[in-house]
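Chain nomenclature is as follows: A, B, C and D, assigned in order of appearance, with residue numbering initiated at 1 for each chain independently.
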Amino acid sequence: MKNVALFGAGRIGSIHAANLARLPGIHLKYVSDPMADAAQRLATLHGAQAKADPAAIFQDPGIDAVVIGTPTTTHSDLIRQAAAAGKHIFCEKPVDLSADRAQECAAAVALAGVACMIGFQRRFDPTFSDAKRRLSEGEIGTPEMLVITSRDCAPPPVDYIRSSGGIFRDMLIHDFDIFRWILAGETDEAAWLSATGSSLIDPAIAQAGDIDSAIVSIRTRSGRLCQINASRRAAYGYDQRFEILGSAGLLACDNLRPTAVRQMDAHSVRIDKPEHFFLERYRDAYRLEIEHFFQQLQAGGPFRTTIADGVAAQRLADAAAQSLASGQPVTFD
Amino acid sequence: MKNVALFGAGRIGSIHAANLARLPGIHLKYVSDPMADAAQRLATLHGAQAKADPAAIFQDPGIDAVVIGTPTTTHSDLIRQAAAAGKHIFCEKPVDLSADRAQECAAAVALAGVACMIGFQRRFDPTFSDAKRRLSEGEIGTPEMLVITSRDCAPPPVDYIRSSGGIFRDMLIHDFDIFRWILAGETDEAAWLSATGSSLIDPAIAQAGDIDSAIVSIRTRSGRLCQINASRRAAYGYDQRFEILGSAGLLACDNLRPTAVRQMDAHSVRIDKPEHFFLERYRDAYRLEIEHFFQQLQAGGPFRTTIADGVAAQRLADAAAQSLASGQPVTFD
Amino acid sequence: MKNVALFGAGRIGSIHAANLARLPGIHLKYVSDPMADAAQRLATLHGAQAKADPAAIFQDPGIDAVVIGTPTTTHSDLIRQAAAAGKHIFCEKPVDLSADRAQECAAAVALAGVACMIGFQRRFDPTFSDAKRRLSEGEIGTPEMLVITSRDCAPPPVDYIRSSGGIFRDMLIHDFDIFRWILAGETDEAAWLSATGSSLIDPAIAQAGDIDSAIVSIRTRSGRLCQINASRRAAYGYDQRFEILGSAGLLACDNLRPTAVRQMDAHSVRIDKPEHFFLERYRDAYRLEIEHFFQQLQAGGPFRTTIADGVAAQRLADAAAQSLASGQPVTFD
Amino acid sequence: MKNVALFGAGRIGSIHAANLARLPGIHLKYVSDPMADAAQRLATLHGAQAKADPAAIFQDPGIDAVVIGTPTTTHSDLIRQAAAAGKHIFCEKPVDLSADRAQECAAAVALAGVACMIGFQRRFDPTFSDAKRRLSEGEIGTPEMLVITSRDCAPPPVDYIRSSGGIFRDMLIHDFDIFRWILAGETDEAAWLSATGSSLIDPAIAQAGDIDSAIVSIRTRSGRLCQINASRRAAYGYDQRFEILGSAGLLACDNLRPTAVRQMDAHSVRIDKPEHFFLERYRDAYRLEIEHFFQQLQAGGPFRTTIADGVAAQRLADAAAQSLASGQPVTFD
């Protein structure tokens, strides 16, 4: 039996709590959140204790692992405290809005010898991971090009955007990770990156210093190509797809839909639009990533999404932000 | 908190146990099965007690409800005992292979004043129930014709078939219920039914006195039409679809697929075949029907699938068997 | 160069004329129609002569072949006159509303030694014929069951229905031919047929003595099964599909659509509804059947759709009408 | 009756000849090609005269219009000669590999007062033009982003590539035109363009000085975004799609397929791969563009694809080639 503390009782914390509650051999002991009410409610629902003070949690020798689902700005501090206390760590992306600070976190984790997994949940989506498996088994030959479509259903509040680090660090960070997972891998990182974008949806986003529509091109050292197109708004639902062109074929990950009803009338044939947003789209992925975390902890195996992956995605996001600002591409050594 | 006893620790019993374990306010107290090992294993997994003797369970005043997932031949006895003991009942389809005995069960339940729901889980499938909702909201006008495709991935063992009551009572019983739910309803029952079929898959099925491929036509009192085509084998997976033609359009329920990967190569474009079999296809439906059972118990509301529905579907299955045997249609008053 | 006379300058005649005009080595010499204006217009468009009197056409020794696209009631007379005059014959379905008279026509054609092809154009539809090819190549193993969906976009005028021979002879005749082509073939004809139906769309159709919604079940001698569902109205366009279940898989022929545009918005994902009606849906089939006619005339090979096929489909239509009237199935020797 | 001369008896010339032959009121008088055999064969097939000497054709006062389907390097000369002779011109893309020379052609055409249409046939594809119509009618609100996928089934011979002007001028020229047609229009041209690419398919292509895989990003003056991904090889067929993201939805143009057969077996569900290559995919588009040319000639209306469009697409192709070479984006005034 492993005892776990959860930091963050918001939207993503609630999902992790419910998934932890279903895992045999896992006991959710603490829920911690500055919003005492939210912490108490979530703790009660799952038979855990609400505990405001993180220090008390880190000092509890009965705690084996922590799950961090708090706002981004608190991630690196919590990771470092958890590492110092010898707790294993599952932390939501990103490690930190600064890639350098993220790198320091990674060093602290390595020094402490604890395990640390970053929640790039998309790598656990059954559709995406099945495509990855087919790719690895050579079903489309050698991969040459990756096209990622990544669109939220609607922009977040401008206040959130203001502290989000910008569209590349907040939203495309997932897509940069997909690029690395699918196309680049450990042997063929990005060599050239060009990004541009606009604020087309809401002038308030521009006033907050961000864009809401972005396109990115990446070329790897070996010459493979990746395009990412992203928008903060897709009126038709959460659009999360990618296509891999290989020498012998194509693998496409289409959107998921709530039902398989098809309606035909005098005007058209209609099917459901894609799942509404990330909580619905990645329901299975969130469940599977937490299972993976504890399985690998148990087995002593490597995580599919390491803190090094977190740092590497962050560096790509930084490069994209720099390219947007300068109007010039960024090259990597 | 409601205490529940589960009868049957096999495939379907295990599913009900897992779904019961997730329901807040529900406590799975007993698991009963003649296979003591299976009962013990399932009970342990969910923190319940294995109890071989049904009588002891019915005598426990702490038990509020029973969930029956045992072989068909035991259903009506268990229903009657549960009713006599004042327990609410959730029972897998069918009530009984004899429609008359099913009707006697219904009477016993009514006399005892307990609630009884029959597990026609398809009415809880999100795709099917969304189609039903759209139909009710008039999205395709007045329904005129229903075409049901119902194919298992592979035939069951011939031993099972021998005691199954035949393809109409064992397999098409679900489709007869869909017919009643979607097309006939309370005001327009079947008036004319014609069935035929063949043994095309395995001669052993014919030797066991059954067929493996069946087609059924039904006309309702008001003239609406229904076709059911069924096979014990679909090499491409579990095929569960229906289409409703209405005066203003069509509603089709397509199959579900494990992933949304599309693979294109020199030969074709490929997507996943349908979900493998009923455990996968109706995963959500099994969860939702048990939730519905306890919600309605709590609320005192009617069940979506009553014991009367169970009897009515049984009568249609009997008629189909009779039509097959005689080569003539059956008419209903 | 072959000289051809076309009988009928209506909707279907115009299609045949345009397709004849494109065929190298074919010269459309005459267009004949009781409506002199229509004949003249069509003749002028394609550089042919309008000629009212069929006798004059049959007496012209320069005419090699006739294409008959006139109303059904005139088919058998024109076939017999053409045969007597030694002209090869392409005739629209059906040969005659009476299967006996159709059989007499077949005898007259055989006696005269002319070639005669019946226009079951669906056998030339690229989608349907590709499915037939795959079936023949064993891609889904042995065929076991055929499900045909056959729905017009809207009912014809009641006046037309009155002289149409009824829904089975006018509309399902095509589906009976598909059944024979796909499932029955030359070695396994229908053994048992049950049909029923209703008038659900327009009471005037019932008053004209016909139904507008029909379902048919057929069992072949070897036990294969076929279901046909048909309606005079599909609000969503012309619905022409069939599915063949085989021992190793399924072949489905889906509908065709005018464009491949997909539109997604806040409500749904929409694609085009099926092609509007038979002129659009079977555009390619009409072209290909006429090409086939002249190719086989040239090569001396057999037609894909013979007058014997016309007679056989007619007998199935008669049986369906009889089954509907009696409420009982029809068995064949 | 308009008399037309066709230059070029190759693949594309043959298509234009067949489409001209079907047009009422159009007479194909001459076919001209340096390959005398090919010219003679095509001329004979359509009842025209083969004529080697272009000068003789231009001097024939009976010729109203010319259709130019010769190799790219001859386009601008033929256009200028035709303009000088007062003939109306339909010319395949591109006008010229040099945008400056293309601009001079446009000036010569304007001076001569003849009509000149450039064969960007994609604007006549029924699927693409239906998407354009929906966009114009506001069905997805304001367009914000365009993603174009453009992949040939297989690379052309390296000899062809050597004189093709490179992938941007030879292949993406069509995509640049789509960008202008769909997203930019007359009021919002490209402001910033970044292109990169690689030779991933065949080293001989790199040796010929070209790439075979390319990605392009464009931002318009108003901030709209376009991504183009292109490859000389798609093992699964000719891949020609685009998607327009608008403020209220998305319009996607999917690929077309030869048939609507769906095959399901123990492994997967399979549909046809896309049409093989441009001759099949754009069959309707080639027919419709020539119809449009003569309709507009007759009506005196503007062409959908002018020589100015040809020049503008060429400038974008030049910019892409320059961006690839320099590794830097290109900005436009």
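Methods note: contacts are C-beta pairs under 8 Å (C-beta built on N, C-alpha and C of every residue); 3 or more make two chains touch, one makes a residue touch a chain.
Just so we're clear, the structure is a prediction, and the values are computed from it rather than from any experiment.
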{"item": "From chain B, the most remote chain by mean C-alpha position", "value": "D"}
{"item": "Duplicate of the B-D contact set - from C-D, A-C or A-B, the pair where over half of the pairs recur", "value": "A-C"}
{"item": "Inter-chain centre distance, chain B versus chain C - centres from mean C-alpha coordinates, in Å", "value": "41"}
{"item": "Where chain C touches two or more other chains at once, by residue number", "value": "140, 235-236, 248-250, 263-266"}
{"item": "Sites on chain C touched by chain D in the complex", "value": "22, 126-127, 130-131, 134, 139-140, 248-256, 258-266"}
{"item": "Complex contact set, residues of chain A against chain C", "value": "235-237, 257, 263-274"}
{"item": "Sites on chain B touched by chain C in the complex", "value": "140-141, 144-145, 147, 149, 151, 192, 194, 196-201, 213-217, 219, 223-227, 229, 231, 233-236, 239, 243, 245-250, 327-329, 331"}
